[in-house]
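Presented below are the structures under discussion, each in the form of structure tokens.
The following pair of complexes shares a single chain, chain A, combined with chain B in the former and chain C in the latter.
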Partner chain A sequence: MKRLLCLLALLSWWLAVPAAAQMTIDVSGAGARQYPIAITNFPGEAALPESLTQIVRADLERSGLFRVIDTAGISPVPTELAQVRFAEWAAKSADYLAIGVVVPATDGRLTVRVRLVDVVKQAELASFAFTMAPALTRVTAHRTADEIYAKITGEKGFFNTKIAYVKKAGTRFDLIVADYDGQNEQSALTSREPIISPEWSPDGSRLVYVSFENRKPQIWVHEIYTSKRTLVGNFRGSNSAPAWSPDGRELAVVLTLSGASQIYTLPATGGEPRRLTSSPGIDTEPVYSPDGGTIYFTSDRGGGPQIYRMPAGGGEARRVTFKGAYNVSPKVSPDGKTLAYVTRNGGLFQIAILDLATGQERTLTDTVKDESPSFAPNGKLILYATEIGGKGVLAAVSTDGRVKQRLSVSAADAREPAWGPFTK
Partner chain B sequence: MQRGANAPRTERVESRAGRLRSFALAFLVHGLLFAFLYLGIRWQSRPPAAIEAELWSEPPRAAAPAPEVPQQPAPQPPKPVIREEPRPEPEPAPRKPDIVEKVEKRKPDAQKKEEKPRVEARREESVRDDPVKAAAEKEMMLREAANKAARELASLKSSNAEAVANQRRLEGWADQVRSLIRKDVKAAIADAVAGNPEAVFEVKLLPGPRVGAVRKLKSSGNLAYDEAAQKAIEANERLPAPPAGVTLDPVLVLRMRPKDE
Partner chain C sequence: MFKRVSAISIIALLAACSTSGEKQPEAPVSENQGRPPMTTAEVAPKPPPVDTGRISTVTPPQVDELTTGVLAKRSIYFDLDSYEVKPEYRALVEAHASFLRKNPSRKVVVEGNTDERGSREYNLSLGQKRAEAVKKMLVLLGVPESQLEAVSFGEEKPKAQGKDEAAYAENRRGDLSYRAQ
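So, the complex of A and B:
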């Protein structure tokens, strides 16, 4: 017995380990919900070529942050705050209500008056009006949706922005510029040879892209409103992966002047290239950070393709992605805090984001062949290309991973999307 | 073989020489064997190639060192060492019969009591022979052990106060973790749960801190919510760093409920 006690006493040293208590954390509740909003039909909108309110509903729904409530059964339709019976709308579980009216104005134009009402607080949140020509119905609808979105979420709406993408139909390639929702498609360039890597200039007036129309990859800058094109990258070998600097004056491009793909900068109007990287491997897909101080790019200098960063004037590169063996196509969010890229997870190519401050990586999509991520100008959605049924399709996913949707574009193969900036 | 009066001497000489030779040969062969073994393992050794590391970012700041474990095992090893040393000493010397041995031991006992380690060693030796002294020995050891235990208790009490302070500092960290995980629980699924049942998960924390394995300890009864809760935990691989000087337990328990209280 004494021996046992002695032994136990001697062994009691193990009790003196650091007293880090086992942590228990209570987590209750859930993430953000969608805002339930009801949008009534506006009396008088029959005079418009399209249903304005239907476009507003589709916009808010497509953002993924709103749940649009059906307005059936409420009669008469209120157009003024005094006419709103809050109990009715609360019974439909609508937290917000948008009412309005379309009245004729001078010169064949029409005025759209909108009121945004908080059903819970029973007060008016905002009221605004637009005077427009009937041809601008879609634009006005998008602006209405922007106002509602901004008032409720506090973020700037992106419903009046443009996207560019490449459409392939047989042997024909078209560089398409369209509204963000795929409507109003216009072809900026038609070619028998591939067009790839379109990118919007920061002011939204120009597109840069790589065209194989002369049987070799060349970089062109295209002014959207005048259709004027300038050949800026026509160097020996390959000219590819152009990216605009935030001031719109320079392009970071990938040239093979040294034999292997390396990153150079070029004046946006054309000129002599200045070399930025000198690595033994392939450096490509450069993209500027919004403050213009850093360039993120893909490089295989470490053995496999990973994303690196370097000072915008060239210099020492630092690796940024560490998860997985294949990370390519970096794109920086407009606030400079998040990096979107394509990662290969066990054979599947998916869109992932990286929080540049914390290093937290998160895969956003669960499809198979995702590529070309592009941030919405308010940084809340990422547009990308994926393949469904063998056809190229454009899709969007929200940066918090909650919302995924497909963008409807015309039936042909759509690839290489690029989301344009806010229009003034 | 000739045997006679001369035989023993010759035999002795021969046997001594022979013995020496055999020892020498044995020694030589053993030596050769060790040499072969040593060279056989090391003949291909090259100076280690210089390792170059590409530094991807600043090295992480070293975490605050864990409070030192009191060096309890230290006093113990010296005892056996000291005990063993003197033992070989008396052995080779006496090749006399046992009685003579004992007498010799008793004499150094009386003379060298001042030298403590020797005294202890002698105590050990004498213990073997004297049961009274054995009992006294055991008393001493027990008393020492009791003293040590008392010291441990005191240090435990102080580290308990530390643990309380730790917990308070960790509350800010817990809040951060709470909002991080909560935002990823799908609202649609949480809203569809009847009542407010609790699901409990155990998370293994890796250095970073990073979320390692997530294990469900208790289901809420609603499998869809369990899945949503587990996905929300796994979606946040990196947790915020704990405040300085605080060590995180490698296991974190999360109690998840679908609705705010």
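So, the complex of A and C:
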């Protein structure tokens, strides 16, 4: 008990200290269609700890779907629709324009008022406002970008989401939780032993992962905002590859109670395992379809590792991947229509997608040691781990393969990324 | 100021943790266990009384069998994509099986490892396959299951850090890890 208390105290201490290293991001490529948008500086934003509009521009640019147009030379800066001189913006080829203002509210808070304008139609598309404490500038900027992204593309924005990943520096492993853009990085767990396979609970409050801290792989459920940890997978042999059911109540896990790695389910609060697969070989990396009805998993029952699917309660498995001799680490897109996975092409490990309706497969990446694909909650990007120059880095690719980005952590290996759900 | 306080408190916390009176269940078995203590400051023993009418047994010096000969060898190497224990490791596994049969209180964990290529979770399962192969051989040689556990470290705890075939071969391995009794 004392050890547990000590551990909890240590964990909460580490959680309170932001890790120093942060990610830098490179974007390359462009979407099939890019929306040209100009975003003026908002008068009054000098009162904020950092430029809100700069964060909005970076978000939209990073999505690959927007081309951000320079607003230099526009004076005075419009803040109301009536002040917009449309010819000026049309000359800059901006189809869309975001204008706004930051004004003081009560209790030291500030109100950000934004108007999104369709320059071609010369009409207002949307107007919205957020009142915030200055410390919440980044969150408010991401929410602003979400609104603009949703209004123009018709898809939900993912700029206000979290990612988790494992950072390895020397012999130190940190389970990191950060904003989707790598900012605001915090360590939820520090260990001298490896941590792998973090996955977000559907409500975004818990991570499940595999830790080797007790000299064998065990599965922990970790409430990230309270540091409460529960050891849910501590059975004889190895405990690994946890996946949340869409309702957050159950985990599909891999146990070795019969010898080989087989898939079981467990209550997410811990309890007795129920066996789902019975194959003589390896069944691992289970993942639920978004409707909860199907489990996709990796199995070597046909020789090499391939991806299969079965009913979530267990039952007959059907093979899903056929091209190539090594297809592993399946993830299902949020709409349930696409599978992302790692395929081996010659000696290269790359991220591929498969259209579950047509069986059409496609390799998306040109990196060569790709692992752990994870969909953005709107399904438009896939975050994954790869290696560049012998260093583990995180990268993202759009599901159409056109936009590629790299997120590298200074002086450490980044690996095992998991993209969190939409924030409620 | 806050930093200093937190640094002090963390040291105190660590100290508190390290003085925990609880038994560390996973502490590795000392390699020196069973050896006679060596001290240089002992009082010279009295010479044995001259008595020709008695025979006594002298306790032999104790040596941990695990640290000598074939039992000191704990690693079984595997070929690429192979999960079979090669014939050259049969003597090693037999020696440990014999030791475990004679020492039913001793427990061993077979730890499977793989090289770093491919999926971490799939490699964890491949490492498990190697550990199971060694465990199965020990069971066939008469070691009760209760003395054995097969676990996998997959590619997570590489012995060799390189990215060449020599390093990969070093990491395709099963280790016999004796744990606290």
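Convention: the second predicted complex is superposed on the first by the 388 of 424 C-alpha atoms of A that agree within 3 Å, B and C clash if a C-alpha of one lies under 4 Å from a C-alpha of the other, contacts with A are read in each partner's own complex, and residues count from 1 in each chain.
The rule we apply is simple: a residue touches a chain if its C-beta (ideal position, glycine included) is under 8 Å from a C-beta of that chain, and two chains touch if they have at least 3 such contacts.
Nothing here was measured: the structure is a model prediction, and the numbers come from that model.
A.B. asks: Identify the partner contact of A:G359: answer first if only chain B is touched, second if only chain C is, both if each is, neither if none is.
C.D. replies: A:G359: touches chain B, not chain C.
A.B. asks: Looking at A:R33 after the superposition, I want to know if it touches chain B, chain C, both of them or none. Which is it: first, second, both, neither?
C.D. replies: After superposing on A, A:R33 lies in contact with chain B but is clear of chain C.
A.B. asks: Examine A:G401 and indicate which partner it touches, taking first as chain B and second as chain C; both and neither are also allowed.
C.D. replies: The first partner, chain B, only.
A.B. asks: Of the two partner chains, chain B (first) and chain C (second), which one does A:N41 touch, if any: first, second, both, or neither?
C.D. replies: In the superposed model, A:N41 contacts neither chain B nor chain C.
A.B. asks: Figure out whether A:G390 sits in contact with chain B (first) or chain C (second), or with both, or with neither.
C.D. replies: Only chain C; A:G390 stays clear of chain B.
A.B. asks: For chain A, which residues belong to both interfaces, chain B and chain C?
C.D. replies: In the superposed arrangement, which is not itself an observed complex, chain A uses residues 2, 6, 9-10, 13, 17 for both chain B and chain C.
A.B. asks: Spell out the part of chain A that touches chain C in their complex, as residue ranges.
C.D. replies: Those in contact with chain C are residues 2-3, 6-7, 9-10, 13, 17, 193-194, 196-197, 210, 212, 214-217, 236-238, 240-241, 254, 256, 259-261, 282, 284-285, 298, 305, 326, 328-329, 342, 344, 349, 371-372, 390, 416.
A.B. asks: What residues on chain C touch chain A, complex-wise?
C.D. replies: By the definition above, chain C touches chain A via 6, 9-10, 13-14, 16-17, 20-22, 26, 109, 117-122, 124-126, 128-129, 132, 136, 149-154, 156-157, 163, 177.
A.B. asks: Give every residue of chain A touching chain B within the complex, in rising order.
C.D. replies: Residues 2, 5-6, 9-10, 12-13, 15-34, 302, 318-319, 322, 358-362, 400-402.
A.B. asks: Can you name the residues of chain B that touch chain A in the complex?
C.D. replies: Within the complex, chain B contacts chain A at residues 54, 56-57, 66-67, 69-70, 72-73, 76, 138, 141-142, 145-146, 148-149, 152, 155-156, 159-160, 162-163, 166-167, 170, 174, 177-178, 181-191, 196, 228-229, 232, 235-238, 240, 246-249, 251-261.
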